[in-house]
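Which chain is which? They are A, B and C, in the order written, and residues in each are numbered from 1.
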Amino acid sequence: MSEGIKKVRQQPSQNEDLLFEISSPGKAGYQLPPLDVPSVDPRAALGAGNTRDAIDDFPEVSEVDVIRHFTRLSTWNYAIDLGLYPLGSCTMKYNPRINEAAARVEGMAWPHPYQPDSLSQGAMEVMAELERCLNAITGMDAVTLQPAAGAHGEFAGILLIRAYLESKGNPRKKILIPDSAHGTNPATAHMAGYQVENIASNSRGMVDTEILMKAVDDDVAALMVTNPNTLGVFEEHIADVAKILHDKGALLYMDGANMNALVGVSRPGDFGVDVMHLNLHKTFSTPHGGGGPGSGPVAVKKILEPFLPAPRLKRVGDKWEWNYNLPDAVGRVRAFYGNFGVLVRALAYIMAHGGDGLKRATLDAVLNANYLRKRLEKHYQIAYNEPSMHECVFSDDIQKKLGADTGNIAKRLIDYGFHPYTVSFPLIVHGALMIEPTETESKRELDLFADALISIAEEIEENVEFVKQSPHSTRTSKVDEVGAARKPVVRWKR
Amino acid sequence: MLDTIGVSSLEDLVAHLPAAVRYNDRLPIPDGKSEYEILDYFRKLGETNAGLQASFLGAGVYRHYRPVMVDTIVSRGEFLTSYTPYQAEMAQGTLTAIFEFQSMICQLTGMDVANASMYDASTAVPEAAMMAMRATGRSSVLVARNVHPEYREVLGTYAKFQGMPVQEFAFDAESGQANFDDLATKLTSDTAAVILQSPNFFGIVEDVKQAAALAHEKGALLVVIFSEAVAMGIVAPPRDADIVAGELQSFAIAPSYGGPFAGIIACKEKLIRQIPGRLVGETKDKDGRRAFCLTLATREQHIRREKATSNICTNQALIALMATVFMSVYGKEGLRELATQNLSKAQYLGAKLKHRFSGPFFNEFVADVGAKDVAEMNRALEAKKIIGGLPLGRFYPELKNGVLLCCTEMTRREDMDVVAEVMA
Amino acid sequence: MYPDNYRYTKEHEWVHVEAGAGTVGITDHAQHELGDIVYVELPKLGAKVEQGKAFAVVESVKAASDIYAPVTGEVIAINEALTNAPETLNADPHVGGWIAKIKLSVPEEVDRLLSPSDYQAYLGAE
């Protein structure tokens, strides 16, 4: 391994036991003000049978113990703040800290969802403004901000399709899903009570309009498509796809996971999409936080608007009100109004960029993906020869012949100081390496990453066993996932 | 970079898109703003919202003190800006913290297994019901009418397309607790789950043991829900339940006008294969050291696709971390003291008002205002910079004289005295 | 490698028929392809299974694979030891790693399955 490429070096890393192991009786890290009312005995107030004694094994640690514990743990993580995070279809872009500051403003962080509308006007204005921006960006007519994440938005979106078709007399039975789709799509269709039918992609990795034409009949409710698809390829015939569906009374759902390739460049509402979700934690820079929170707004065309879940914002005079009187609405998918704190962050991102800045971010994201593709093409097999948008997908065909697969390459990347790309997805590519750099990265960081992958390709030619034993430089060496699954230990016990 | 790719402008990169689908206008969004302008915008709007002024609202969202430690830790970029910990060797920090989270949720609830979090309680409820369906092979669900009304609404939305009939059972008009006679008559051999909330929507503690006995006698599972996690500092854990689904908003998560929060699902060991969402397990690395990784992933959507236990992917990891830090800071003694303070405050105000129900309550209760106008009362309080309780007529027509009032450790005695004066 | 008195399917299951009941499992080739097996979802006792239809699931860390019944009938025994020791399917697929015993309701189905030599020829061609 060339030291010139390696972004990471072995560093002192501290060991740390679990909270329960550093705990000692009587230690505490909290302070409460003195009670200004008489103290009540829980047994007397609730009845002895309804109360508990101490919580067995619950931690007892000091404030310093807590901060050191979690700070030490944090040093074992990789993060965007440490460098390129090229997970395909995850859009790991920089999370501007202004977003965090905005969400922590007292008037944004502390409103209670049941306080009177008259005392919530600012929060409602934030939501209304975000709805307006998302309509503008997607070319759709109406938005609900209620869903808590992308998959949750998919669920809401499919329910809307169902409600619409029901109003036309027949909810239909099937949802069509291309074989390149995210796993959440079929899982969602199933949860919404539909049968799933997979549609094979054509030789260019796109929806095959011939196959689609044959598959769409009176039982088909919708097609769920991701555009650009999970290969990073724009569905060239998307307008025809929409027409095929609409001619048979079916609708087009778009998974907006890859919207970072389209903002300002192309609008789903203009190419025939009827309903779509957005992932604010992808395209709109809200932090992933190790797996959440997200937010999955759903945008729809006029025909679906009457079915959006209650409540919806309504302008009455110069005030906002929550309107619950929506007789056609599908039921709630979540309590209250959505992940408001995430909505604040997304709006802050949109405001910081402005319309032109958002488009520029899209073009920079496409530029970065194409630059990486060009640098890597000679060393890795590109999966499909179509133009790439915001991500590019390779297969491990060349390396597989030498005995290393995409999983091995991913683990070796860790030694070079990078988080791996998305491994083995999409499923239609054998041994996929799915790479999405986002607009965040500079040429310098992209070159380091490309150099690392090229160096690994050479290492595989020279010493494949060494690569297969990766990672070598992490605090934790290769983790035994088989052992974890065979004998699951999912909680600490004394 | 453009030269390397072989194009002459950024626009060339998207020139292959069919002309008909290109967007050629400028997005109608104002020009980019500076940090200062953005912060100013949110501050000004924030001033039109009630923020930290005195409030007696609870009903699923509680105002508790957030130790400063919580934001200090979740603001670390290594937690804030990392992805789902799929690459275990690069994510031991997040994985270890989630393992601690799962362990503490088990200690609190008396369950054997807890997942890495759900979106919130309202969505955890239908997921718990679907777990029970899969585990029992039955299809219908009974839910107590004193479960949070919005949780019941969400349950109804999910159930509709699962072929899962949902029937409600009554609460006792006197005690405010679930009516077990009504439950007993509605339980059938097709009941997959009985869903009970404790403390319930009225703040009243339920008899979980009796509900469990009734459900189990008919071969159904008992799902116990909670929305006020602080209660678990003193209220007996629902050990007799099969599944516990709840809301951790009370654990250092700001009300944020309704989200993001963090839900949980915990269950008995025998149901581990049915639990939705992510699970972290303990294992070893190649050198024999303790390590953690995501486990039992074959339950999840990215592998099982349409046969998955749920479509959930993104969860609430960072919010769950807030709760983990909160639980660590308060610890064994602190959570108990915190819960006792909540109870004591609610008892103080409760003693001054007429109650609608007689059951034992934690930090919320329903006051009966008789013939007085609730809206007018709340306006009088608003004039004194106090947000009153939640009028219940909106959710329960028969309780139009009822107001749900909540007191926490942040509620001041002088504000309670004002409320008592206005409402008495 | 592949016992003479067993019959095989193209989906890589085997069946060993004795006294009207077939013991079924997955082949050595199948366990090799699946990799480290971490869990087996066994059928329920008394379940009716149909030839060619999924009746059990075998899981590795990153995949869940349906196992298809090689014969039609009723499940009369299941190998519960696999629940705590799924690795047996990797180590001993043809004997200790049996999944279930099925009481045959259409005995002549067995005649249509592959002989050991046909199965191995099929593997060679695949």
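By our rule, a contact is a pair of C-beta atoms (placed from the backbone, for glycine too) under 8 Å apart; a residue touches a chain by one contact, two chains touch by 3 or more.
Quick caveat, the model's predicted, so the values are computed rather than measured.
Seen from the C-alpha centroid of subunit A, the farthest chain centroid is that of C. Looking at which of A-C and A-B shares more C-beta pairs in contact, the answer is the pair A-B. Subunit B and subunit C have CA centres that are 44 Å apart. The distance from the centre of subunit A to the centre of subunit C, with each centre set as the mean of the Cα atoms, comes to 39 Å. Mean C-alpha positions place subunit A and subunit B at a centre distance of 21 Å.
Counting partners per residue, subunit B has 296-297, 303-304, 307 as the residues that reach two or more other chains.
Along subunit C, residues 39, 59-62 each make contact with two or more other chains.
Counting only residues that touch two or more partner chains, subunit A has 481, 485.
The residues of subunit C lying in touch with subunit B in their complex are 39, 41, 59-64. Residues 273, 296-298, 303-304, 307 of subunit B are the ones that touch subunit C when the two sit in their complex.
Listing the residues of subunit A that touch subunit C in their complex gives 424, 481-482, 485-486.
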